[in-house]
Amino acid sequence: MATQHSRAAARLMITPAVFVLLVWMLIPLCMTLYFSFADYRPMRATFEPWIGFENYGRFLTSSAFTSSIVTTLQMVGGILCITIGGGVLMALLLDQPIFGQGIVRILVIAPFFVMPTVSALVWKNMFFNVDNGLFSYAYKALGMQPFDFLSQAPLFSIIVIVAWQWLPFATLILLTAVQSLSSEQLEAAEMDGAPALSRFRHIILPHLSRAITVVILIQTIFLLSIFAEIFVTTNGAFGTRTLTYLVYQRVLESQNIGLGSAGGIIAVILANIVAIFLMRIVGKNLDT
Amino acid sequence: MARAISTNKKIMWTSLAWGFGLVMFFPILWTFLTSFKSEATAIADPPVWFLFDWTLENYTAVQERSNYPLALSNSIIIAVGSTILGILIAVPAAWAMAFVPGKRTKDVLLWMLSTKMLPAVGVLYPLVLLAKWLGVMDSRILLIVVLMLINLPIIVWMLYTYFREIPGEILEAARMDGASLRNEIIYVLTPMAVPGIASTILLNIILAWNEAFWTILLTTVDAAPLTKFIASFSAPEGLFYAKLSAASMMAIAPILIMGWFSQKQLVRGLTFGAVK
Amino acid sequence: MGRITLEKVQKKFGEVEVIPPLDLTIEDGEFVVFVGPSGCGKSTLLRLIAGLEDVSDGEIRIDGKPATDLPPAKRGLAMVFQSYALYPHMTVRKNIAFPMKMAGMDQAEQDRRIAKAAGALNLTDYLDRRPGQLSGGQRQRVAIGRAIVREPAAFLFDEPLSNLDAALRVGMRMEISELHKSLETTMIYVTHDQVEAMTMADKIVVLRAGHIEQVGSPLELYKAPRNVFVAGFIGSPKMNLLGGSHAAAHDCTTIGIRPEHLDVVASGGTFTGRVGVAEHLGSDTFFHVHVDGIAEPMTVRAGGEVGLTHGDTIHLVPQADKVHRFDDKGLRIA
C-alpha cells in the first residue's frame, strides 16, 4: 500500500500525538508512584522520601479502603444493572414500529448530555429534597411520610442519578446493535416455530452479548471515576465514599499525599484490569 | 422485509415508548418549567405544572450574578480551545495511521486508548503540583491542555475510523492523477474528511463542556467554567430552585441541542468502534 | 509511446515473496491482459508498474527510460480502479479535469479535452452530476474519461468490470476494446475472468503464484497451452483433464480434451457414460457425463439439436488431433 517516502512522513505525523500522550501518561504517573513510597504531608511540613510500602500497607488495611471498595462495587454494580437491563428493554422498545420514533429517541437520549453537576443538583434539590422535592410531594399526596432520600438512602440516590445519566448511553449502543440484527434471521426463527420469548433468548440476546460486554466495560471505566455527582450531593458522607472519592479526600482534603498517592496507584491498577478486557475486544475489531 | 403491523399493536408500542421517553426526559422538562416560575411557585405544594405566571426574572437574575458571564465564557473557551488543539494534533496522526498503516499502528492506537482509561485520581496530585509550579493553576490554558489530553485518544480514534472509511483507491487515484501529497490533502482528502471531522469536533465539545473532575478541582474563580459555577449552588440558600433551574438550563441547552445532532457519532466515538 | 519492460522485477512483503524475479516486455500499442486466479499477484504486478508499490528488486523501464524510482504521477500512466475511485465530492467534470488541473494545464485545453472525452464516452449530459448520482456503468465511463484526458503512455485497468452486472460487462468490454482500437495506446488490463482475457487481449499473460505460466495471443494459449494449469484455466467450459489409463493410451501422464472437441456418436466411442446434467441452451447443449473410472464428470459441448437428457447413455469420441498431452511435470508434450 505504501512506499518508503510516505512511511517516513507518516511517522512524523504521528509523533506529536504520541509525544504529548506519553508525557501526559508518564510524568504524573511516575510522580504519583514516587510519592506513594514517601511520607509526604505538606501541611505538617513532613517529607520523608522513602518509607517503602508503608503507605500501601496503611491504605489497604484501613477500614476506609475496605468500605470504599464495597461502596464502589455497590455503586458501579447497581448502575450497571439498571442501565443494562433498562437499556436492553428500551432498545427493543425503540426498535418497534412506533409513531414519532425520532422524537422518543431524542427524549430518551437527552439526559446523557446534561452536565453532571447540573443533574446531581437538580435531582438533589428538586426531586430528593425532603421538604420541597417532587418525591416528597408524591409521598404526601399518597398519604405517606416523606422520605429523606439523601440521608436515608444516599447510595441509592446517587445510583439513581448516575443511572439516569448513563441509561441513554446503554440504550443508544444497544439500539445500534439491535438494528444490525438482520430481520431475515428473526423471520427464519419465526418460520422454525420459535415463540417470541425464545427468539429473544436464543437470537437477540446472543446477538447483543458483544454490545452488552462493551457497554459494561466502557461504563465501568467511566463509573469508577464518578466524582461530581458525589461532590455536590453527599460530599462522600453517609457511606457514599468510593475509592476515587477516598483518594481525592486523602490528597486534597487531608493533604496526606503519600497515602493518597498509594491509593491512586491502586485505583490505576484496578482500572487497568478492566481496561485489559476492553482493549482485547477493541483490538480484535481492529483486525477486520 | 417489513411487514404490515396492526394499528392496535403499533399504538400500544407507541404509548409504551412515549411513556418511557417522557419519564427519562421529565427531570429536564421539570427544570425547564421551574426556571420560568417565581421562587415561591417553584416550591408550591402541590406542584404547579403549566398554569403559572411565566417569568424570565430568573434568567436575568442569574446573568446578573457577577460570575455567570465569566463562567460561560470560560466554558466556551475551554471546550472550543481544547477541541481545536486536539484536532490539530489528532488529524495528522489519524491520517497517517489510517492511510499508511504500519506493523505497530494497532498497538499505538490501543496504547492511546489505554491512556484514556487512566483514572484521574491516579495523577491528581502531581497535576496540581505541576500546575502550581508552572503558575498556571486556575487558568484557562491549563484546562485547555488537560481536557485536550484526556480527550485526545477519543479524537484520534474517531478520526481514524472516519478516515479508514475513505477508500485507499481514491487516494491512489489522486496519486496517479499527479497530485502531490499537499494537493492530495487539499483537494481530495480534506473535502472527503470534513463531515467526519465536524462530528468529531461536535462530540468533543460536548465531552469537554461536561467534564466535571478537572474543571472542578483545577479551578477556583478565574477559570471556573459552568460545571464549577453550578456546583456552587450546592449549598442551599433559601429560595433558589427557580434560579438553579434557570442557571442549569443555560448550562445545558446548547449542549443538549448539539448532542441531539451527534447521536450517531456518540456510539462510534465512545465505543471505539467496538459496536457498529 | 508506451513500451514497458520489466527486468527481474521482484516484490516481497516482508519475508513473503509475492512476485519472484520476472521479465516481461509490453510493446507499444499492445493490449495486454494479466489473468490468473485470485491471489496470483496480477494486481500487485500492475501496481508495481503504476508505482503504487515499491519494487523490491529489478528494474521497470517505460519507453526505455528507467522508471523504477519514479513516483506514480511522473510515470505518465493512467489507471482505472476496480472501485472506480471517483472523487465523490466533485462533479463529473471536475473528476475528469482533476489530473489536468494537477498538471497545471490551461483552462481552454482542459475544456476541449473534457468535451472530447465526454462526447466519446456519452457523458456530455452528466458533466454536472456527482458520482453518487450515476449508475455503475456511467461511473466506469467517468473513470475512463479521467484516464483518457491525460493522454497517458499506457492505461492500466485493475479488474474494472468486476462491479458491473453481466449485461453491462459485455457492453463495457466492447467499449474498452473499441477505445483501444481508436487510441492505439498501450493498455494493461488485469482480470480473473478468462473470457475477458480471451475477448480483449492482443497478448495474454497467465499468472499463478507470481510466476508467469505462459505469454501469448489468445489463440496460441487456446491451441497450445504450455502446461496443465494454463490448459485448465483458458477456455470455457473448462478442458477435461484425464489421467490413468486414458492418458497412458496416449503415452503421457495427463491428457486434456476440450468439451467442444468431443463428438457424440451413436454407439461405441472412446468413452461411454450416463448424462448427469444436460444444459440445453438452444445454440449449444452442454452435457455433464459420468464415465466409469473417471472421478469428475466430463463436460461435452454438442450441437443444439442433440436431444439426450438426464440418465441417457452417451458415447463420446475425441477429435484425434485436438487431444493435448502433458508429461509428469504437467508440461505440454508437443
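Letters A, B and C name the chains as they come in the text, with residue numbers starting at 1 for each one.
Quick note on the criterion: a contact is a pair of C-beta atoms (placed from the backbone, for glycine too) under 8 Å apart; a residue touches a chain by one contact, two chains touch by 3 or more.
Predicted, not measured: the structure shown is a model, and the values here were computed from it.
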Of all other chains, the one whose Cα centre sits farthest from subunit C: A
Closest chain to global C-alpha mean, per-chain Cα centroids: B
Inter-chain centre distance, subunit B versus subunit C - centres from mean C-alpha coordinates, in Å: 53
Separation of subunit A from subunit B, taking each centre as the mean of its C-alpha atoms, in whole Å: 16
Computed distance of Cα centres, subunit C from subunit A, in Å: 57
Per-residue multi-chain contacts in subunit C, two or more chains: 52, 71
Multi-chain contact sites of subunit A, meaning residues that touch two or more partners: 1
Residue list for subunit B, restricted to those that touch at least two other chains: none
Partner subunit C, residues of subunit B touching it in the complex: 167, 169-170, 172-180, 183, 187-188, 191-192
Residue ranges of subunit B in contact with subunit A within the complex: 1-2, 5, 10-11, 13-14, 16-18, 20-22, 24-25, 27-28, 30-31, 34, 43, 45-47, 89-90, 92-93, 95-97, 99-102, 106, 108-110, 112-115, 117-130, 149, 152-153, 156, 168, 181, 206, 209-210, 212-213, 216-217, 226-228, 230-231, 233-234, 236, 241, 244-245, 248, 251-252, 255-256, 258-260, 263, 266-267, 270-276
Subunit B contact footprint on subunit C (complex, rising order): 50, 52, 71-73, 77-79, 81-83, 85-89, 98-99, 102-103, 146, 150
Contact set on subunit A toward subunit B in their complex: 1-2, 6-7, 9-11, 13-14, 16-18, 20-21, 24-25, 27-29, 31-32, 35, 90, 93-94, 96-101, 103-119, 121-127, 131-132, 134, 137, 140-141, 164, 167-169, 172-173, 176-177, 180, 183, 210-211, 214, 218, 221, 224-225, 227-228, 231-233, 243-244, 247-248, 251-252, 257, 260-261, 263-265, 267-268, 271-272, 274-275, 278-279, 281-283, 285-287
